[in-house]
Each structure stands twice: as structure tokens, then as C-alpha cells.
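Next up: some structures, all given as C-alpha cells.
Next come two complexes built around chain A: one with chain B, the other with chain C.
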Partner chain A sequence: MNPFSYHRPTETKDALSQIQKANAKFIGGGTNLIDLMKEYVEKPSELIDVNALNLRGVKTHADGSIDIGALVSNADCAYHADIQTHAPLLSAAILAGASPQLRNMATCGGNLLQRTRCYYFYDKATKCNKREPGSGCDAIEGFNRIHAVLGQSSSCIAVHPSDMCVALAALNAEIHVRSPRGERVISILEFHRLPESTPEQDTNLHPDELITMIRLPANPYATHFNYLKVRDRSSYAFALVSAAVAFDLEDGGTIKSARLAMGGVAHKPWRDLEAERMLTGKRPSKDLFATVAKHVFAKARGYKHNQFKVQLGERVLVRSMTEAIEKGVKR
Partner chain B sequence: MSDLIPQPGRYVGQPVDRYDGPVKVTGEAKYAADYAADGLLYGFVVNAEIPKGRITSFETSKALKVDGVVDIITHENRPSLAWFNSKYADQDAPPGNHFKPLKDDEIRCQSQPIALVVAKTFEAARLGARLLEISYHAEPFETNLEVAQKDAYEPRSKKSGFEKPSSRGNFDKGYERASKKIESRYMTPPETHNPMELFASTVVFDKKNESWIVYDKTQGTVNSHDYLVNVFGLKKDKVRVVTKYMGGGFGSGLRPQYQLCLAMMASLKLKASVRVVLTRQQMFSFGHRPAALMDLRLGANDQGELQAIEHKVVQETSRFEDYEENIVNWSGLAYKCENVSLEHKLAQLDLFTPLDMRAPGATTGLFALECAMDELATALEMDPLELRKRNYTDKDQAHRDRPFSSKELMACYDQAAEKFGWSKRSAKPRSMRNGKKLVGWGFAGGIWDAFHQKAQAKAIFKDDGRLTIQSAVTDIGTGTYTILAQLAAETLGIDIKDVTIEIGDTDLPPAPLQGGSWTASTLGTATQISCRAVCEKLFTLAKKLPDSPFANVKFEDVCFASGSMHVKGDPSRTLELQKIMKLAGESKLEEDGKTSPGLLDMIRFAKNTHSAVFAEVEVDEDYGMVEVKRVVIAVAAGRILNPKTARSQILGGVVWGISQALHEESVVDHRLGRIMNHNLAEYHVPVNRDIHDIEVIFVREDDTHASPIGVKGLGEIGIVGTGAAVANAIYHATGKRVRELPIQLDDLL
Partner chain C sequence: MNDIALTINGQKKNLTLAPWTTLLDALREHLDLTGTKKGCDHGQCGACTVICDGQRINSCLTFAVMKDGSEVTTIEGLAKAGGELHPVQQAFIKHDAFQCGYCTPGQICSGVGLIKEGHAKTDDEIRELMSGNICRCGAYPNILAALKEAMSK
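On to the complex of A and B.
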């Protein structure tokens, strides 16, 4: 770990001024950043601890939208009554991730900025374009069991590790950020990036921008939803494949609208709008789900150790959609 | 010696709470990295970033500029080390050219330690280590056993504990004659021990006396002591090694690890106390369970009687040492068969020398044999348990048909099968289900050795009524403290609260490595003998007292209970032990107890523990996730001293067997020669939620030959066979036979 100065501002404006310093980084729960600092992957000179800022609390508006403060812990968010009632998909996704200890520490804002768990990214004895731009990628020809099959590039095949973000993608969350230039709102779908030739940039957040809150628009998906996560053990493992699914059904059972987002398959939560359109106006059926799943993975490409993710992804998606329809009860 | 067998009593055979429990849960127990010293310096190890080659230069200027960094020790500036290779041979060393930390510029395997940055704080040392720049000359390497197997060989000299497997009869003829045959290749990966406590050594230097107390994480205090003395040419009495508590060993502490050598090196060079603690990532930079490629052929007649067994293995070793473990021998011991062909070969990889890991050899070999037996049962359309029973043997055919000292395996089969409900199994694969989950029931048997070693313990009884037992042996978390206290209290008939156990210190009577499941039998016997000697001494003193109530009785006629000595059958003739001491004018009695293996028993009997393991799995039909819903294991391991700590040993072993089947693999990227999942987020072991019901049955087994106290040891038998039981259950659930571990969901899609 490199030496760094530590600041703990109590006003957002001070935090935004301190982040202007060279090589400064915000720290929230620290559950990922500290690990990366110990591995010498992240080497900030200044740490701006945002925990004293007034960015906590979950607020539900009259129109049904919900604001989640950036500093709300993953655990507090998942167990919040309003989240469980109006956005149970988010609650389910958060609780599928990490461990209780980590969920107590990790913040919702920080979760958006989790970095990949690619083995090569973490090991500075290897080549990684995300860690050292231009150095190459040892994962493409290496041990790539946990890597991407959708949207990857020749410079990076890492996946985004978050469960929470998969649900946020399905729920069209808006990320509210602030900088000295003012405030702006980034759609969750525009927040994370595909690797292309710049895998060192995980997101479209500017280095001096602070996430202040996550807004969940009102949604009709509190009944038919499912977060299905498949992994190598039953807890404390990142998703090999996960699928956040939500339906709004007509009284007769026809799909009025659908949301699908996949985790563990790409550099960002993988939302497929075309697949959602294929579902809209149709009656749920095994064949429909199989066709949609085929479509989602039509352009998927696997590597030596993760080829299975294509077949697995289709099966998980079908199963998740089936369970979302079948369960159909508020949890 | 059979009179030493302790009878169940107030403590022996009872579920006595752990002696070391309170100090561990209150945080009072000190581990190797917990000891403080004046002016303590901290060393951080720098590991090579290439798997093979030479160091061409170190650029130290940036690292030395870090505030607090005191020195950077490399092969260029280290203190002198022993010249002869033999000086580096510890008690568990395989034959070969042993690894010598910082000896020269050569890099022989991934993450080899190549420098130690020493600083006034751990953080400064760690930063210095990151800033040290190293130039290398890289050389070609090979870490893939499937490639290296073409050069497999049988080494000339054997590792201690390795027995060259012996074939018998005529395999080819037997196999040809057999009406049902199976032929399979099994592969098991390298696995890394990863005990919870990181390897650490705190070397405390006494400037005045030029001597050292070394707090080390080791399974053998004597081993670490002798290693330091030999490598650095120190006087024996100048070094004392202490390991009071240990957060797990599993074999990884059988050899002195490199942090010990580096901490001592820094202490010698800087004339200071030094602590070196490895990181979790660095725990992947030394010994591991070796990868193995196994070819099996089994042949049976229509009745299921084995006609031929062949088990060949190519096992990984390093380029520098011939590490061998008994992988195939079990296939000549487990079942009755006239024609057995066994072969054990090594192939060299550019990785560190492998190292004993819980039930070394048996965990690997019996996984393959017990899966192959399941395949044979399928070929015969016979119940897998029935197949085992038909091939039951009461003789060790590999050793002149000698009998087993005891073998209650049939009772294990029956009791565990009954508890599990095995008779309700539907034989066909994919025939049992629970909703979307395929249900499978699998069976396997386990065997391990019942060893007895040479060791010594001292019993000290004082006139305050307190008894102290001393030995250099370590308790690696298994319950050694507890069982020694039980045996001592039982023998002297005193309250267990009046017993103190002092172990894990080379100033105390010598003991062997804590491993091989031999500590309970070995140190238990030494403790029994020393306590018995105290009893005899007390009796002699009591008999001489004026008006002694014991004047006309023999030692055999008295017993010890409630802090007193009584005449058997006449409780009125009694004296408190403290009173005997006072009346005799003695303040302290000291007696040594020595034990060594009974040579005659070693030759006459096969001495083994046995187990029967039944497992139920559920496999998701769509995505292949496996859950082990329950395991029933019956164990025959001689006398059980403490059913609570014994059960814990078996539980731990079973969890590890599940882990072997489903999770563990040190994944080597063969292009980089590097283990890539070197942390506990990516090196998977089961989490709490992965483990469901585990039922442990101890079958009664009386044995007067395995060890003088009738104990056989329990540390390893729990893992043996469990992996195969899980794999066989997965086959039963899915109809898929996966022969390469770990079995992961993509194998089952």
C-alpha cells in the first residue's frame, strides 16, 4: 500500500474541492478499494472519506420513485421496508451478493464502482490492460472461467462483479452525481462501459464526480420478479451467470412489459432491450422464453474455460423468467 | 502393555470441553505473530514474478528511501548459510536438493521468496517490498502434469513414510479372466492447505546472551529448532522454539516454512528481534497437495469378486526434491484380490515441492479407487455397498497376509447404512428427484494408517495437588491439550482443573512432528506412562508412612480417585494425595514417560483406521449446482478418548472431503507458470451455507496392538473416502461420471 493523505470532509463542497487534488479518490465502505490498495493495483495519494457527508437515507416519493442515498449500506438498502415492497428485485440481488459482513460495510454508491475480480487484474506479475493500459491481456488465453462472453473486446474480457447493479439495470435506475460543474443524472445503462480499447475506464463517471444518490423510478415489477444467481458455491462467490428478470402482466397473463438484465457475462450489467420487446404483448411460454434466451446469447463468444457460460446463461435466463412468472407473489 | 488402555471414566471417553477453549475465545491465546519484543523489526517477503530463471539485478534505491526501511536482504548481502545440502534437510524433507531461501540468484518456481525488506513498521516493509525493482533472466518452464508425465520416473531414494507399492499375482491373467471390467483415468489437481492462521515467525533476540526465542507457526517445534541450528550453524542451546497455539496446520507446518529462515536471517544480520508474517497470497508460494494422474483397471467375476486391480499414478513433484506420497498402496490393501498391479511414478514440474496435506496419498488414491469401485458396481448391476462386502478382507495381502490389529469395517458399513437409509436407494441413475433437483446417493470407504511414534512426556506432581504434563509437542487445533489433560486427570484420579498442560516448547521433553494422526496415540501413551509412574511413586511413599493404610497391599490393589489413593474395595483405607506428599516430606515428584513403536506389533499387524461414508447430493437439473444435503460417516479408530473433539476432527475431515470433490484447486496458468486464484475469494472452500447435515458414528473397536492405549488417531480418516462418496452420489443423481476434480457445475450441464 502506498502512503496517502486522509481527509474526512463533512460538507459535499469540501469533498468536491479535495477530490481536485492529483491522484485523489473517494472512499466509502472501502470493501474493494482497500483490497486493491494492498495489492498495489490502486495507488491513490489522497483518500477523501465521504462517510461524514449527508448522503444517507432512503426516501420514497408520492409517485412511487425511491431515492437511495449513496452512503446507504447494502444491508440497509436490502432490508429497507420500502425497497422490499416497491423494489424487491433490488433487495434480492443485493442479498445474493458478498457476505453479511461485507454488505454491512459496503455502500450503494461504492457498489456501483466495484472493480472486476479478474485474477489477472489483481496480480501485478501478469499483463492487464485494465490495470496497466497497453500492457496486454493475460486472461484471453489464460484461465478465464469467470470472464465475459458478451460485449468483450480484444483488449479486455473482464466482467463487472456486482449483483446490485444487475437489478439496478433492470429497474432503469438513475445515478445522481455532483461535481464543481454542477449536478447531472446518468442512466444506469450509460453508467458502466464496455471495455472497447479503454478497459481502464469502468464507468462514464468523471474522476471528480461524486455519486450522491440512486433514484429508482416507480415500477410495476414488485410482483413478478426474480434474481437468479448461479455460482460455484452457495455464498461468498461472484456470479458465473445471474439473471434479473421482472414482468408486468395483464390480468389475462399477457406480458405488458418485461425487464431482463444479466450479470457475470459482460463488462457491465447486460440489459437486452430487444429481448424485452420480444416478450412484450406475448403470453409467457417455454418456447417464447427459449427463443428470447437464444436471442440474448446469439452473439455470445466464449473462451477455453468459460464456453459453458453461453449454454448456462440461456438456461439461467429461461429458469429465471419461468420462476418470475410462477412465483408471482410479493415477498 | 495392554494395562495402559484407559477405561472410560470420569474424563476418558467423555465429551470434555476443550482445555484451550477459553483462552482461544477470549483472545488470550498467543499465536506466533502475537508476541512482542523491544525494538521489533518487521520483515516483508518479496516473491519472484517469474516462475523460472535468474535474478540479474536488484534496484533498491526507491525501497531504501521509504521512511522506516532498515535493510533489504537478498542473496547478495545475506548472512552466511550452511554449505552442505544435508543441513537443510528437516524431519519431513523428501530426498533431493532442498530449497534454500536467498541462497543464490536462481529462481526455481512461481512466487519464490527472493528478498526480505526489513523495516520499523509492517507498513513500511510492505511498501518497500512493492518498490523494490528486480530484473530477471527468464528461462523456459513446465507446470502442466499432462505434458510432463512423458518423463515420469521412479526415484531411487524414498521419502520417509513412503512405501514402494508392491504388486502381487498376475494382473494381466486376472484381468483377462474377469467377466466385468472397467478402465478409467482420474485426475486430481494441486490443492493449497490455507490454514486460517498465516505462517509467521517472531524471532526474539537476547543481545546479552546472544540467544533466541523463536515463536513459530509449526507442527514440529523440534523440527524448526534443528533446522535453524543446522542452517545457521548456531549452538543448540542458544535457540528455543515455542508454538503454544496454532490456527490449523493440515500438514503445511510439517516443514519449516521460509518465513522462519528469513526472520532468523534478518535477526542475525541486524542483531535485532524480527517478525515475518506471510500474506494469504504468499501462502500459495510453497507446498501443496500434488496433482495426480491415475489410471485404474478393475476386473471382477459375475459374483463381483475382484479378479484384478491395477492402479498407476503419475504424481507431481518439483525439479529439486522427490516428494512421494502413498497414493496407490491403498488399492492393494482395501479389498481381497489375488492379482494386483501398482505403480507410482513422479513427474517434475517447475512448482515448489508438494507437501503432506491431510491424509496425503489416501485422499487422492482412494478417491480414484472408490469411484472405480462404483463404476464396477454399475457394470455388475450390483449395489456398491454389497460389492465392498463381497470383497472384504481380514488380511493385509500386501504384507504376507498379516491380520489387522483390529478392523470393525463391517460394523461401519452396517451402522452407517442403517442410519442413512441406504436400503431405500433406487439403483438407477437419475431415478430420484426433489422438484427441479436430481437426487443422488453415493457410498465410499476410507482407510488411513494408525501410527505410533517415539516421544516423551514429563509428569510433575506437587504437594499443592496440581499435576503438570510437559512435552515439546504442538496442538495444531486438534485437541491435544484436552486429551492429555483427560488422561492425566483420569490416571491420578484428580480434578481436571488441577491439571496443567505445558506443550509446544523445545525446552520441554522431545516429541515428534504433530501429524499423521499419531499424536493422540503417541503423546497419550507417553502421558499415561509418566502419570502411572507418579502413581507408583505416590504408592511407594504412602506405603512407607507410619501406620500406612497401604502397608500390606500391592500397587495393583490400589486405585486413584477424588484426589486420593484407596484400597480397591475398601474405601475406608484411603489417603489424600496431597497428604501423602506432606507426610512423606515431598514437595514435588517428577516422572518421565517414554514411548516408542512396538516393533513386533509393527511387523505382525496391519494397523489402520477405517470408515464408511454415505452422501446425498442434490443437483440442479438446469444449471448443475451441487449441494451435499447430508453425509453419514461411521469410523472405526480404536479407543475414542473424547467424543466431542473426535467428532470435530471427523466433521472437519468430511467438510474437506466435500471441498475436495466440489471446490478446491490451485489453478495454475501454465503459460505463466503461476497460481492464479491465490486468495480465499477465488480459491474456494465450502462456506457455511454449503454444509448441511453431517452425522458421525464411532464404531466400537477394541485394539491392544495399534498403540499401548488402544488409540488409533482421527485427524485424517474423515477426509478419506468422502470425496468419492460425493462424486458417486453425483453420478447416481445425474448419470454423469466426472473423473477430474473438482466437479463443477459446467461438468454437469
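On to the complex of A and C.
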């Protein structure tokens, strides 16, 4: 890996000043960044270790919203009593990803910035617009089994790898960030980008901005929720397709509101607001779910090796909705 | 070069390391603790699992400098000073929970972490929460049996 100098600030203001140096990067858990540095895909010359900053802790507010510090580990978040009680969908999604060792290391802030596991992004012998803008995309004509079917472009067909972010998208999380210019809040729906012609930009976070916190608004989705992940082996693998589903039901069973977000299908967690509106006010049924799933994938386009994801995606969504409804008992 | 101090298996060690030295390389190359194995070096196999500040982690995916001041337990540090093996080590021998043995230090450290975390109750939960450790010999049934026995103690 390329040499770099290492800094461990204890104050956020120092971290924000050190990140201004040329080619500097923040490091949290390091589980993705160090791997990419070993492959020479990431080559920072300065690493700013944020682990000594005061960005830990999970705090539940009186209105039911929950703040998750950027440095809270994935494991601590998933097993936190308040998350399990008020946002069990997030727990389920986090625990569907990676391994216990990685979840102990990886931070929630860092998980938002995970990069794609597209083989061509990792392999410097190939063309990749995300790794080297303008070089081309070897995935489009290559082995593209794990790639996107929704929202992709002629520049990039990579998918976002996170499970956590799919649940955050379903729960309308807010990402709080800080820079020398002050603080701002980015909706999770605006945080990750579609590739368009600039796939090198995964997110709308500016290079000098530090994620400080994830806020989950209060939600009524602690009963009828489900995270279904389908992959090539039953654990410790990235999703081929995943579906985070949450319903708020009337006493009579009618759907008061619904949230749907999918992973493994696009460059960002894929929310379909129109599909959610199609569910609102209706009674859950096999036909309704099939119609909604058809709608979500109506504009999907597959490639030589991932065409199966369109039908798989519809089936995973229908099954996840069905299981969410069946989960009648409060956890 | 960065000066750091780590407490490894109860002993304080001062090291001067390039910041790009992983914790795994610091253990193996600088401290001669070669029990911890380098399998994939990419966090995909679990052979490098150690216990750092009470939690199991992949030592290949962290820089040693980031763990300055931490307490690390490796496979060499699990047995008691007199040589009495850790219950997970004893259970692995009793249940023949390995063949070639290359993944075993990572499996055992991971198992110690799993028991401490306390989230695994059923066989399926143990399998799921040991999924970060790959065994190419396929000793999984015996690893499960060994961990069940160690958990019951």
C-alpha cells in the first residue's frame, strides 16, 4: 500500500482542519478503506483517524427520534435496546451484513461511505469509471452478475453494498454532517447518488465534511417490518437482492402507510415512493403485492449475467411484504 | 514511523512502526506471535481474528497505530500461565474441531468472542455468528459441537 502519515485528533475542529490537507481521508473502522488501500484503489497520503472524537452513543429523545453517533459500531447499534425496540428493521438489516468481527469494527458513519464491491472497481487491470473517471466500464460487457438493474447509466452499473443503508432509507434517516462552513443535514434519500456520468462520486457529502450523527425520526414501523436478503450463501455475503419493508396498519388491517427500500439492485438504496402510495389505504393481498412489485421493477434493465435479478427482485419484494404483514407480534 | 504501546496477552509492548503496518503484521512480524494467521488479508476468512479491548476483530483490517493503548489477546494468550488450556481450546481438542489447523486460532478467538457477546443461543445462531470464520477443511460440525460444550461451562 502507498505510504501515508497518520493523525489522531481529539477535537472535531482539529479533524476538520486536518482534512483540508491534500489527499487526506478520514478513517473510522477502516474495514473497507484499508482493504481498498491494500488494492491501491484508495491512495490517501494523510489518514485522519476520527476514533478519538466524541461521536459515540445512542440517544433516544422524548419524541421517539433516535440519534446514533457516527462512531457507534454496527454491532453496538444493532444490539442496542432502543434500536431493537423502536427501529428493529435497522437491527435486522445490520445483522444481515458482514460478520460479527466486521460489525464490531465498522462504524455507522463509515457504513454510509462503503464503496461498491464491483469486481472491476477493485481490479486495477480493468476499466472502471468509478475508480478512474473516463476510462470506461468493463462490467457492462463483462461478468455482471452482481450488478445494477435500476438507475444505472452507461458509465457505471455498480451497486451499493450496504444492508444498513437500505433500512436507513426505509426509515427516512437524516445524516448530520459538519465542516468548517458549519453543520448541515442530508436526507438519506439525497445522501447517495445515482451514477449518471460521475460514478466516482458515491455520495453528496463534500470531501471536507465529517459525518457526526445519524438521526432516525420517530416511526410506527416496529411491528410489521421485514428485512429479506437473498445471496449466494446464507451468511457473510453481499446481497444479490434485499428488501426492507415496513407497514403501519389500521386496526382493521388496512395499510395506513408503507415503506419499501431495496438493496443490491442500484447504485444507492432504492426507495420507490410511488409504490408506497399504491399500498396506502389498501388491504394487504397477494395481488396487491404482485402489482406493486411489478411497478418497482417496471423500468428495470438487466445485462447478460444479472437478468435474473428483475424476477428475483419482484419475488423478494413480495415475500418481504408478506412476511412483514405476518409479523403481527410486537417484538 | 509512529511509537505505540500495546498490551499483548497481558504484557506491555512498545513498538515503533510505519503507520501502514496492520495489527496482524505487527503481531506476526514485529512481536513473533505467529499463532494469529494471515489467510486472505482482506477480512473475508477470519483467520486473523484476535480479541482487542474485549471484542473479536479482524486484525488484518486495522492499523496497529489505530490501536495504540489497546489490550490485545491472541491465541498465545488464552491458556493460563501454568499451561492449562482455555475451555474453548480444550473443547476444540475434545471434539476434533479442526483438520489442518490453519483457521483454528481465529476460530477459537472468534468463539471466545461469541461466548462473551452472549447473542448465540441456538445451533443456528452459533453457526450464523461464527460465519466470519471460514474452515476449508469443513470442520464446521465439530466446531459447533466444541463451542456448544464450551458455552455450557
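We take it that the second predicted complex is superposed on the first by the 330 of 331 C-alpha atoms of A that agree within 3 Å, B and C clash if a C-alpha of one lies under 4 Å from a C-alpha of the other, contacts with A are read in each partner's own complex, and residues count from 1 in each chain.
Simple rule for what comes next: contacts are C-beta pairs under 8 Å (C-beta built on N, C-alpha and C of every residue); 3 or more make two chains touch, one makes a residue touch a chain.
Nothing here was measured: the structure is a model prediction, and the numbers come from that model.
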**Asked** In the superposed arrangement, which partner chain does A:141 touch: chain B (first), chain C (second), both, or neither?
**Response** first
**Request:** Tell me which partner A:102 touches in the superposition: chain B (first), chain C (second), both or neither.
**Result:** second
**First, second, both or neither for A:51, with chain B first and chain C second** = second
**Item:** Partner chain in contact with A:232 - chain B first, chain C second, else both or neither
**Value:** first
**Asked** Which holds for A:34: it touches chain B only (first), chain C only (second), both, or neither?
**Response** second
**Request:** Tell me which partner A:215 touches in the superposition: chain B (first), chain C (second), both or neither.
**Result:** neither
**Item:** Partner chain(s) touched by A:3 [first = chain B, second = chain C, both, neither]
**Value:** both
**Request:** With the two complexes superposed on chain A, say which partner A:119 touches: chain B (first), chain C (second), both, or neither.
**Result:** first
**Message:** Residues of chain A that sit at the chain B interface in one complex and at the chain C interface in the other, please.
**Reply:** 1-3, 235-236
**Fill in**
The residues of chain B that touch chain A in their complex are 49-50, 123, 126-127, 130, 622-625, 627, 662-663, 667, 669, 671-672, 674, 676-679, 681-682, 684, 686-690, 744-746, 749
**Message:** Quick check: in the complex, which residue numbers of chain A touch chain C?
**Reply:** 1-6, 8, 27, 30-31, 34-35, 37-38, 47, 49, 51, 75, 79, 98-102, 104-105, 235-236
**Message:** Considering only the defined contacts, which chain A positions touch chain B in the complex?
**Reply:** 1-3, 40, 117, 119-120, 122-126, 138, 141-143, 230-237, 240-241, 308, 311-312, 315-316, 318-319
**Request:** In the complex, go through chain C and note every residue touching chain A.
**Result:** 2, 18-20, 22, 41-43, 46, 49, 55-58, 61-63, 65-66, 68, 110, 113-114, 117, 119, 127-133
